[in-house]
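Two complexes follow with subunit A in common, the first pairing it with subunit B and the second with subunit C.
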Partner chain A sequence: MSRKQKDILTWLATFIVMLIICLPGLWVVLSAFRPNGEILTKPAVWIPRDLSLDNFRAIFGMGEDVVGIPVASYFRNSVVISVTSTVIAVLIGMSGGYAFARYRFPGKGAAFLWLMLSRCVPGIALSLPLFILWSWTGLIDTQIGVIVVYTAINVPFTVWLTEGFFRQVPRDLSEAAQIDGCTPWQAFWKVEFPLAKSGIASAAIFAFLTSWNEYALASQITRSTDSKTLPVGLMDFTAQFTIDWAGMSAMAVIIINPALILTFLVQKHLIAGLTFGGVKG
Partner chain B sequence: MARLRRFIRDNAVPLALLSPAVLVILLVVLLPLIFSFYTSFSNYRLIRPDSLWDFVAFRNYARVLGDGEFWSALWRTVLFLTFALNLEMLLGLGLALLVNRITWGQRTMRTIMMFPMMFSPILVGFQFKYMFNDTIGVVNNALQSLGLAQEAIPFLVDRWLAFASILFAEIWMSTAIFAILILAGLFAMPRDPVEAAKVDGCNNWQVFRHITLPFLMPFIYIAMTIRSLDVARAYDIVDVMTGGGPAGRTELLWTLIARTAYDDARMGRANAMAYVSILLSIFFTWFFFRKLMAARKHLGAF
Partner chain C sequence: MAEVSLNNVVKRYGAVDVVHGINLDIAHNEFVVLVGPSGCGKSTTLRMIAGLEEISDGEIAIGERVVNHLAPRQRNISMVFQNYALYPHMSVRENLGFSLKIAGRPQDEIARAAQDAARILGLEPYLDRTPGELSGGQRQRVAMGRAIVRRPDVFLFDEPLSNLDAKLRTQMRIEIKKLHAQVGTTIVYVTHDQVEAMTLADRIVIMKDGHIVQTGTPLEVFERPVNTFVATFIGSPPMNLIDGVVDAGAVRLSDGSALPLPTRTGPIRDGQRVTYGFRADNLMPEGHGPAETGPVATIELPITLAEPLGAESLILTEIAGVEVQGKMLTPRPTRPGEVLRFQLALDHCHLFDADTGVRLGQ
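Right after this comes the complex of A and B.
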């Protein structure tokens, strides 16, 4: 095979892969702008004739057809729960990650492994006792109840990521700052934190995405508009007699948008965080 | 007691820094798990609160282990994980090698590759439920418009087609994790050993098999460890795509737990099953974590 043939083959393979990755998402996005009538028509309509924002108006309760699903409250719950649990998990994770990166103490390796193992409990298995305990304590179907759970499932990963980044910051810097008259607390915030900032940002994005996308736990410990999040709300559509594909597609677009924007902003750090955290032991 | 006091005094700072993390995991993960461990030995049903104190020893476990439904769900889950993890690893490796060869537009490719990772599993499930639908799905419509199929193919109804559809959704979502981490490994790889081997007369396959692949192994194991942390995400996909049905044909261990606990309200028995699923997850994670540690040491010897 000549070099040119090889190049053409590489491009062809790349093109096919791109198609498989992109088409499903794009199809959902397209459907979000089409009316249900056109989606359900037989034989299939391939070239959209009727694109509009009607589906979005409908799921937010504006416009003529109102969908009986309170997407606006679900959206608000999702934002409050994801942001709050991310902030708390990052603070706790930074504190723990710093301890692992800077101090030696007996049982360090075991502690780290146990932290990781706590993360691998399947959501649905953890939901059983939480469902009962949260019912008893009144935490069920409250935003706080979900925030506490999401904080806990995010802590192991934020510890892991921030530990990797703190270890890359040389110890001497903090010591030098302390000799120059900083307290350890000042030295941390003025010297070490700014240097590990990009890693902490990537930990925050990961935590946010986990909370934003979580379903198994939320589907059991939320009940009403008081705490239901978007992924749980998406299933409301399937409970109806006929599935509103256009409405579901519109809601899917709303769920995916924040995640996509955040990822484009920090994708470089995301990869670095995953790799260095794991390989450089 | 004195030893404990000395331990705390000697390590006061790291212990204080770690305490919030330990506390929150203790409260939200460990305590509930201890509670559910007890529950798995009781005849607890949600509709009868008193039954929590009805201690039945190993009866739940005996019932679960003697239940054909449980074994077929467990077997399906293991089959599912074996296919999913291996195919994701192979496809991810292929994808990484492919992207590594591209010189123009590589950054864009890498960004697009991360696209499925951002999707909520529930969205991935919805997306493929919609595409594979037998009346309005784009896949069936395309096959029929092109004249490749006479009538609709029941992707989500037939036993094996439904299994394959769910597997496809899972692989679509998670291959990126492998591809991205392996690609990071390819970028970090030193060029000298490869060139030296080529000078010594190794062909492309030999270079890949004996130099590239061993270097990539730790990266593959990190990806495996990260993946095994959340294999149970497949629950979301199955729940939205088929709900374990029709007639339990796509039931995985996790959907069976949910059905037993919330639809049949048999919390005790569901918790016994949940413990099997927890052990399964811990086993996978621990296994790959060990492999990762071994591969790291091996890499250090270079």
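Right after this comes the complex of A and C.
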């Protein structure tokens, strides 16, 4: 096989794989801009004839057809919950990761192992106890309730990722900085933090995406506009007999976008973070 | 003025003492080298002076101040690390200026200081590079530059040259010595390389297993090693050591032959078991050594091997079954097995207690 043929085959294979991965997404995006009728036509209409923003107008209550779903509240809840839980998880992850990377303390290995093992339990398996606990404590259907859950989900991961990054930063650097006049705190922020930045950024992104996209647990512990997040809100489109596919797609696009934009903004860090190429002598 | 004094300084990790009550007084502007085999506690001692390691017991003072409980930043010291520990995310210029920036000095002063240090160390072309874009030798210079910018009371070096190749090491050694002449600051320098220690030090401190074995000028430790450990650790090749028993003003060796007592031996009783020591430089074939002024013993020895080094050859031979090394100046070709008449300079021979290894006589 010639080089050229090989290249073509590689591209073809990549194209097919990407198509399989992207097709559902593409379908959702297309559907967001066309009427329900066209979405459900058989055989499927691939080349859209009738694109409009009607679906978006509808879900924001601005069009002729008004969908009675409080998307704005869901959006606000999602932002508040995801951002807060991410910030907390990253702060805890950073302190925990740093401690695991730098200090010796009794039970360190076991603690780290348990933290990682907690990732093995599917969250949904804990939904019943969680539900009961949250109803007792009054955390059910509150933003704080969801924030606590998401923080708990994210912390093991942020600890693990930042630990790896801090471990890569040689201890000498902090010592050199302290000799150069820094307090340990300054040495951290001026030397160790900048060097582990990529790792912390990727931890933050992953934590945010986890929180932003989470559905299973949120569907159990949220009830109303007080705390319902966008993925849970998506289910509002399923009525007893009909599903408003168009509205649902429009909302899906609204959910996808912030995550997509954020990922693009920090992709440089994300790549550095995922390849672990942060620090060099 | 920045003397450094260590008073019964102990370092303990859990129940294990790794530094056992060290006493050391370092004078202002003195260049002191701590040398010893791996794991003897050199780095630990240096790091205690720096404040990076807590002192388990005893007292460390810099200048007039006891610094036991001061943080590294309060001790006005600089340290050059073995792997340089440059800040990878900063340019050379920022690395050099970092300490002044932290101290809140004005921009122009920082810039000037970085420039000055770069000039002294020949780093001017690299000021805007990051450490990742420098060679090992250049990084080493940046590390030294970062240390001098602060105008510290004391410089601490922890094996700064061990990551460089042999040639660069020799070159940087000279630069460090020049630097000391130029900035004239107290220096404590750690190495396990005795050549570095000999060439750099005003005073050498030889450590072993967390104890100081001997302190002295390079010449003192070379010419009057306090025990067989120092005798073999300092100098290259290591001192030849042969066991024997004192017998009627001579040392009788295991094969029945005898070597005359070194001239500097004090009173000694017959029957004492001793170790006889001399360096390769003091065992030379007749006509191939310096004109000896002191007493010599002449011994005939068969050559095992000769290693030509250019101006001299290293001669391997045997005395009483022990392999020893001698030297031949203005060498001529030799054959293995050839018997030569060697002269042993008795003024430069040493006697140690065979059991304790401690030096006998002055």
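Quick note on the criterion: the second predicted complex is superposed on the first by the 253 of 281 C-alpha atoms of A that agree within 3 Å, B and C clash if a C-alpha of one lies under 4 Å from a C-alpha of the other, contacts with A are read in each partner's own complex, and residues count from 1 in each chain.
The rule is simple: a contact is a pair of C-beta atoms (placed from the backbone, for glycine too) under 8 Å apart; a residue touches a chain by one contact, two chains touch by 3 or more.
Quantities reported herein were computed from a predicted structural model and do not represent experimental measurements.
**Q** Between subunit B and subunit C, positioned on subunit A by superposition, is the outcome a clash or a fit?
**A** Overlaying the two structures gives subunit B and subunit C room side by side.
**Q** For A:170, select first, second, both or neither according to whether it touches subunit B, subunit C, the two together, or no partner.
**A** second
**Q** Is A:225 in contact with subunit B, with subunit C, with both, or with neither (first, second, both, neither)?
**A** It touches nothing on subunit B or subunit C.
**Q** Quick one: the Cα-centre angle at subunit A between subunit B and subunit C, nearest 10 degrees, please.
**A** Apex at subunit A; the opening toward subunit B and subunit C is 90 degrees.
**Q** Of the partners subunit B and subunit C, which touch A:151 in the superposed model: first, second, both, neither?
**A** It touches subunit B, and subunit C stays clear.
**Q** Counting residues of subunit A touched by each partner, does subunit B or subunit C come out ahead?
**A** With both complexes superposed on chain A, more residues of subunit A are touched by B.
**Q** Determine, under the contact definition given at the top, whether A:198 touches first (subunit B), second (subunit C), both, or neither.
**A** In the superposition, A:198 contacts neither subunit B nor subunit C.
**Q** Does subunit B (first) or subunit C (second) touch A:181, or do both, or does neither?
**A** second
**Q** Look across subunit B and subunit C in the superposition and give the shortest C-alpha distance you find, in Å.
**A** Superposition on chain A places subunit B and subunit C at a least C-alpha distance of 10 Å.
**Q** Do subunit B and subunit C touch any of the same residues on subunit A, and if so, which?
**A** 279, 281
**Q** Going by the contact rule at the top, pick out the subunit B residues touching subunit A in the complex.
**A** 7, 11, 13-15, 17-18, 20-21, 24-25, 27-33, 35-36, 39, 95, 98-99, 101-102, 109-123, 126-128, 130-131, 135-136, 138, 141-142, 144-145, 172, 180-181, 184-185, 188, 218-219, 222, 225-226, 228-233, 235-236, 239-240, 254, 257-258, 261-262, 267, 270-271, 274-275, 277-278, 281-282, 284-286, 289, 292-293, 296, 299
**Q** Would you mind writing out the residues of subunit C in touch with subunit A in their complex?
**A** Listed in rising order, the residues are 50-52, 71-73, 77-79, 81, 83-89, 98-99, 102-103, 131-132, 139, 146, 150.
**Q** Inside the complex, what are the residues of subunit A that reach subunit C?
**A** 170, 172-173, 175-183, 186, 190-191, 194-195, 279-281
**Q** Within their complex, state which residues of subunit A touch subunit B.
**A** 10, 13-14, 17-18, 20-22, 24-25, 27-28, 31, 39-40, 42-44, 46, 91-93, 95-96, 98-100, 102-103, 105-106, 111, 113, 115-133, 148-149, 151-153, 155-156, 159, 209, 212-216, 219-220, 231, 234-235, 238, 245, 248-249, 252, 255-256, 259-260, 263-264, 267, 270-271, 274-275, 278-279, 281
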